[in-house]
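The following pair of complexes shares a single chain, chain A, combined with chain B in the former and chain C in the latter.
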Partner chain A sequence: MNRINPLETFRIRPSQKVSIRYGRKSYQGVAGDTIATLLYANGVRIFSRSLKYHRPRGLYSLDGECSNTMMQVNDMPNVRVENTPARDGMEVVAQNVAGKTADIDPMAFMDNLSFAMPAGFYYRTLHKPAKIWPLAIKNIRKAAGLGVMNPDFRMPGHFDEIYPTTDVCVIGGGPAGMTAALSAAEHGLRVILLENRPWLGGVFDYRPTAYEGDIPLYRRAWELAEKVETTPNIRSFTHTAVVGNYNDHLVTAFQRGDKTDPFDERYIEIRARSLVIATGCIERPLLFENNDRPGIMQVGCAHRLARTWGLLPGKRAVFSIGDDLGLEAAVDLADLGLEIACVADTRQDGQDESLTDALAQRDIPFYRGWMATEAHGGKRLKGVILGPVTGIRRQTFDCNLLVASAGQTPLTSLLSMRQVKLRYDHHTGFFLPDNPPDGIHPAGRMLGLQDSVEIEISGRLAGMAAAADCGINMDKEIETIKTRMDAFPGPVRGAKVVSAAVKGKKTFICFDEDTTLKNVDQAMAYGFDVPELIKRFTSAGTGPGQGGIPGHNLPLYVAQTQQSPDTEPRPTTVRAPLVPTLLATYAGSQHDMSKRTALHDSQEATGGKMERIGVWNRIRRFSEDVNARAEINNVRSNVGMLDASTLGKFRIHGPDALKALQRVYVSNMEKMIDGKIKYSAMCNEDGCIIDDGVVVKRGDNDYYFTTSTGRAGQTVEWIRFHTRYDGWNFNLVNLTDAYGVINLAGPNARKVLEKITAADVSNGAFPYIGYREFMIADSIPARAMRLGFVGELSYEFHVPASYMQALWDILEEAGQEFGVQNFGLEAQSTLRLEKGHLIIGSESEQRTTLHDVGLGFLWNRKPSAKTVGAVALEDTEKQKGRLKLVGIKMADAALPTPRDGSIIVDTKIRGYVCTARFSDTLNEPVGMVLVEDELSKIDTQFNIYEDDCNGRLITAKVADMPFYDPDGKRMKM
Partner chain B sequence: MKKEIIRRSPVAFNMRPVKEERRGHWVVALEYENEGDGPHLVDLSHCIRWDLQDSDPNGDRGKWKPLGIPVPEQPGGCIIKNGVMINRMNNTQAAIWHLSGEEAEMPPETAYTDVTDATAFLALTGEKTFAIAEKLTALDLSDLDGTPPFLIQGPFVHVPCQIVVMANGAEQPGILLTCSRGYAHDMVAAILEAGKAFNLRPAGEAAFKRWLEQLK
Partner chain C sequence: MSFIITCPICGPRNAYEFGFGGEDKGPRPDEEALSPGDWCDYVHMNQCVAGVAREWWIHRSGCGVWFTTSRDTTRNLEVQVETMEKGPNPPLEKE
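The block that comes next holds the complex of A and B.
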């Protein structure tokens, strides 16, 4: 199709060509084309096939209000081609059809079977007998649906996110939105302006109608847009669809990037102090028989095709409209070369007479109180029957374009999302907001205004009100502008007609779901008497257009036709996202934040197998052997080194520090001895064990303590919470990241340590459970603890994290002659299991008390401490029927090692395996289980069931712990 | 045994500095290749940081004056003097950051804790600072009502951070931030990724000091 002669309003650059492929052909367009306008320019009229009936569908709104123009682009289904810019090389395929284009569809016969598919037919019929339901639903889903996603499809592109904060957020970049933004910005406020289309201007953008004097509206739009774009404290985001509006003025949106942007699409989450909603109106579709035929489009669609993209939408047109914008478009399109057979207006009166005069001057017949009642044609529109709204006469017109609209309807979704009550206004025919909440200011056409200057002034007023929300005294200015507003006509009377007098068999109220007026009637006949229920029963408005097309027509139609005396229209609920958004956009940059210890890189470089455990990355093992046997054997026979930096580490100091420790630890912390570590545990209010660790006293009212890795993040809050009413004076410092920890363990550990420090580390000077502070290599200040978690002579060195790599290297070099090797979490877990030491979380669960795991001896019964969990510990101490932690061995040492989590069964589940490993040291499997107390006596046998055991249970027996070195000689050597 | 002891920053840029300086056990990067005019991301993790906690840091007639500098009275307040910044975090706590990068002796009182190694310490400076930051946090760093420097505590790339807005004017804005040391790798990767479109580059301490100087 040849474009019309260039106009000032064009948004295309005809000199730059763009080529895309559709079906098996290449189509050429120009820069600025959307995929839809490019295809339209090349004669494509059918863009898709409908969901149920496979009816051909064409260009209708240009703003993505329905699924008519959803196509597969570059393997991505459901792309709205009417607002997707065409880019060179795009591969476009029609969806929901057997072929590559939508012109031919073997499933088109479905259209003739609509009689067999009344509203909710499958809910009512396909469950008798019940067994056919799964089969039926599977095939219905196969036959319906929009687009097919290839499971191997990888989303191309770069998806970003931003979280700006602003004073005023203006939604809608039309004349009201722009003046609101300028008005608020004049007072030095930060303003964000969001516009769905790729440019500012809204309803002024393409219209040549005079604004004031001779200035056409589109020039006025440029003028305002330039002001907005050059005002430094206004940030305007175009091609940005708002998808949500939440409490405290949190607005979510997404923006499509153009070629110059570093993103393809980005998520925008705005926090504002005040909101202006100037989203304007969309057209309310006119309902008549076959209102979905390709060649039928809305007024704005036809007008913008010509004015913005240079495409005459058809050759011979009929207009069936309901407002002055329709008349204006007819006059302008006639001047641009469109042959117009006639214009029908649903209104009997109230038209702008200058526009009806203009039609007369162009010899275009004008029918007052008339409308389209039926369209003819199949894949292309061939004609239309018009008749009076009263439905008495009928007249047929040949045409290939029907420009149809019932009038305007406001875009109120963003108000609805904030629970604003919308009231039907009988003057405008709009759903208007009743008392918007504080900080929300509707403006512009959505209030029913039509006068261009008045629209701008309403924006200015909203901008001022928003500025007042931000603390600026605007009383005088607001008063003045309100007085100015009074001089204007105010909201105009709107068209009320919803539907022609038709049976509605093929009168589509919702294109997405193929819902007809007949379906709505059927739903009402079944007793669904409110739009919310009818929406669910018929699916009207639940498609990807998010209710754009059925929008306000559904409640209006229901109000006009239902039997109930309460006929006040009620709009249906809207929910986010208001516009379908890519999941990739929501995912954004996908920052997966995790923590690394100071040894991360060097450990990985030496073959460490890294695992994500909670927030940390930790080394599981250093070889392919999943049991890490070499690492275990080396610790038992030589010496090993483990990076234990993820332990929680804290300083608590201040006059009441000890009281705070007494409150959260179950032991009597007063009994701490200088130079010695104290092992204890923390319980919750139920007496269940939540943490364990060691505490050392470093000075008066000054303690250093450790927690398990998993609890480190909550420890400060835990202690503060449980002392919140005491008014104690103590301070907590989280040193988890400040200190790294190396565990040096094995019979040769002391020999290694002696080489790197001048301190006396002999067994006498630094005995088991001792705590010392000394320098390593004369430079590294170390807090050293003699512990025995893995059951060997063992030291923990806590050093400032920046020294960790240096210390590791020193230990490695010093330990070379003693066979030092790394070990990881797997080896540590087996080593401590052999020793019978538990890990909270592995050998305990939510309901496991201190007594259940055999640590009741830690509990200090002194009531003055009011220890967290003390009451529950007393109650549960001798409670029967609890799961107890016991050690197990296999009834026969040759039996396989049960997997962690396997259940212990007889006639019911009696417990489960917490951890079990084959012990090389002991040459048999050992484990720890939580089992009902009556099975917890030594030598009691029970069976263990595993997922894939095929009925062959493993028999285990309760065994004494520790399994290894029961006297603890090796830890104390 | 005589092995060189080096303290390592948790931050590692994917390039070697062209100029560096040994400071105690730290090796401080002074300059990187092709630093450009900014925006810059600077690793300041070697700068000494102390935690000061007391039931009332301003009590007893201004009892706490780290290095002679009074603790700001209101949470969120910051004071910079002689290359030292003090941020009041809450009613009982203040952070003390030695922006000069020089060594300093911690006062002997138990209220102080050396937390230099607890966090990664970064400076994000240059014209596009807030454009980069808004990709990573919902915190309002460019709040025009706030008079820099001021402290904001909250999530930056989902990680709890202390952020000091040093300048929020249009020309050379900048922020300092600390986050748990363990997050340093992912934090730097996220910031550099967010700043790619704005030509954000790693820079050495010298660039930071020049920027700090021009704020005066």
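The block that comes next holds the complex of A and C.
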């Protein structure tokens, strides 16, 4: 299609060509086209097939309020091509059709079966017998639905996120929004302006109608936009859809990136002190038979196609409208070359006379109180029947374009989301806000204003009110401007007609869900009486458009049909996101934040298999052997090194440090001996064990303690919480990241250590459970602990993280002659299991107490300390029927090793396997289980059911722990 | 969690920087003569008022301080309460 001669209002650059593929063909457009306008320019009229009936659908609003123009673009389904800029090389495919374009659809016969599918059809019919539903849903899904999701699709692009704060956030970049932003900015406030379209201007943007004096509205929009863009304290975001509005003025939005932006989309979360909502209006769809035919579009759609993209929307048009914007568009489009058969206006009176005069000058017949009642044609519109709103007289007009609109409807979703009550206003026919909460200021057309200057002044007023929210005294200015407002006409009377007098079988109130007026009638006949319920039963407004099309008509139609004088129309609830948003946009750029130990790179380079465990990346094993047998054997026979840096490490010091320790640790922490490690545990208030670790005393009121990896992040918070009423004086420092830990374990460990330190580390000078501080290689200050988690002679070196790599290299070199090798978590897990040492969380769960895991000996009754969990421990110590932690071996060493099965006795589940491994050292499987106390005695036998055991239960028996070196000689050697 | 909470150290910040620490129930009771039932009530029972509640919050993603503040649970907004009225919520009424 040829474009009309260039106009000042164009947003395209005709000299710059853009080419995309649709179906099997290539289509040419120009820079500035959306995918939809590019295709429209090439004669494409059908953009999709409807959800249920596969009816052809075309361009309707151009602002993305329905699913009519959702297509698959570059393998991504459900792209709204009407507001997606066309880029060279895009591959576009139609959705919900068998072929690649929407022109031909073998499922179109569904439209003739619509009589068989009344509202709620599937749910009411396909449930008996129950078996039928899974089968039915499969076929329904095949026939209906929107785009197809390809599981192999990987989202390309860059997704950014920003979290700006501002004084005033203005939503809507039309005349009211821009003046609001400018007026707030005049007072030095920081302003953020959000606009859904790719440019500022709103309802002024494309209209040649005169503003004050001679300048056209679009030039006035340029003026305002230039002021906004050159005001340094206004930050404006265009092509930005607002999706949520929350308490204390938290506004969420996303911006689609331009070619020059470093992002494809970005999530924007704004915290403001005050809000101006100037979202304006959309058009309320006109309801008549076949109101969804391609070739029927709203006023703004037709007008903007010509004024913004240079496309005359049709050859011969009929207008059926309900407000002056419709008349204005008819006059302007006629001047641009559109042949207009006639204009019908649902209003009897109240039109701007200059517009009706202009129609008369152009010999365009004008029918007051008339509207479209039925459209003819299938894939292409052929004609329309017009008639009086009230009467039965009818007249047919041939046309290939029907510009249809019932009038305006305000975009109040952002108010509803803040629990603003909306009241039906009989003058405007709008749902208007009743007393918006503090700090929210609606402005512009959404209040029913139509006069261009008045719209701007209402924006100024809102901007001033927002400035007042930010602490600026605006009383005088606000008074003055309110007086100025009084000189204007105020909200205009809106058109009230909802629907033509039709049966409504093919009158679509919701395009997305193929909901007809007849469906709504059926819902009411079933007894659903409020729009909120009718919406759910008919699914009107639950599609991708989020109620944009039926949002206003549904409550109006319901109120009108119920014909009860006290029934005020009530709008349905809206929820975020107001506009469908890509998951990729919400995910942003930082999908996975995790921590690395100081040894991460060198460990990985040595062949370590990295795994994400909680917030950390840790090495599971150093070979392909999932059981890490070589690593285990080397620790048992030579010496191994483990990066244990993820342990929680803390310093607590100050006069009341000991009191704090007494509060959270179950043991008596007063009894600490210099140079000796104290092992203890923390419980929650229910006496359930949450952590274990060691504490050493490094000086007066100065302690160093460790927690398990998983608890490290919560420990400071935990201790502060449980001392929050006490006002104690202590300091708590999280050293988890500042310090690293290497565990050197195995019978040769001392030989390695002796080579690298001058300190006396003989068994006498540095015995088991000892704590020492000394220098390694005369340069690395180490805090050394003799512990035995893996059951061998073992040292833990805690050193500043920056020394970790050096220490590792030193140990590796010194250990070479003694067979030192790395070991990872898998080896550690088996080693400690053989030793019967537990890991909290692995061998305990939410309801497992200190006594249940056999650590009751740690508990010391000290009531004055008010230890967390003590009262519950007192209560549960002797409680019957608890799950106890015990060791198991198999009834026969040749039986398979269980993984995580259930313990079954007398066909009842009586416990479960926590951890089990085949022990090479012992040459049989060993494990730990949580089992009911009466089954916890040594040698009790029970069966274990594993997921894929095929009915063959594994017989196990309770066994003494430790399994390995029961006397602990090897740890103490 | 979209509202704003005022940290006594950092000032007003996004609520999602904070962690919830339950209702302000006053200090831990003495363990002497404390029945398990009373203990359980102290730990687990809440008033859940529809209105203004005094609560513990921690500035988790900030300075880490625990503090009490008042929140209108019907609107999910922090509210400023006169110093006179501050302090823990009264204990639960026993029936």
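Simple rule for what comes next: the second predicted complex is superposed on the first by the 961 of 973 C-alpha atoms of A that agree within 3 Å, B and C clash if a C-alpha of one lies under 4 Å from a C-alpha of the other, contacts with A are read in each partner's own complex, and residues count from 1 in each chain.
The rule is short, and it goes like this: a residue touches a chain if its C-beta (ideal position, glycine included) is under 8 Å from a C-beta of that chain, and two chains touch if they have at least 3 such contacts.
Everything quoted here is computed from the prediction, not taken from an experiment.
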| item | value |
| --- | --- |
| Touching partner for A:354 - first (chain B), second (chain C), both, neither | neither |
| Which of chain B and chain C A:816 touches, first, second, both or neither | neither |
| Chain B versus chain C as contact partner of A:763, first or second or both or neither | neither |
| Touching partner for A:606 - first (chain B), second (chain C), both, neither | neither |
| Chain B versus chain C as contact partner of A:28, first or second or both or neither | neither |
| Contacts of A:717 with chain B and chain C, given as first, second, both or neither | second |
| First (chain B), second (chain C), both or neither touched by A:726 | second |
| Which of chain B and chain C A:271 touches, first, second, both or neither | both |
| Comparing the two partners chain B and chain C, which touches a greater set of residues in chain A | B |
| Chain B/chain C common contact set on chain A | 271 |
| Complex contacts: residues of chain A adjacent to chain C | 246-248, 250, 271, 685-686, 716-717, 720-721, 724-726, 863, 866, 870-872, 875 |
| Chain A residues touching chain B - in the complex, by the definition given at the top | 160-165, 188, 190, 232, 262-263, 269, 271, 589, 591-598, 600-601, 615-616, 651, 653-654, 699, 701-702, 729, 731-739, 755-756, 777, 779-780, 800-806, 809-810, 813-814 |
| Footprint of chain A on chain C - complex, ascending | 2-4, 14, 19, 21, 26-28, 30-32, 34, 36, 39, 43, 56, 58, 60, 64-66, 75-77 |
| Chain A partner contacts - residues on chain B that touch it in the complex | 1, 3, 5-10, 12, 25-26, 45, 51, 53-55, 92-93, 110-111, 113-119, 134-140, 142-144, 157-159, 170, 180-187, 190, 193-194, 196-197 |
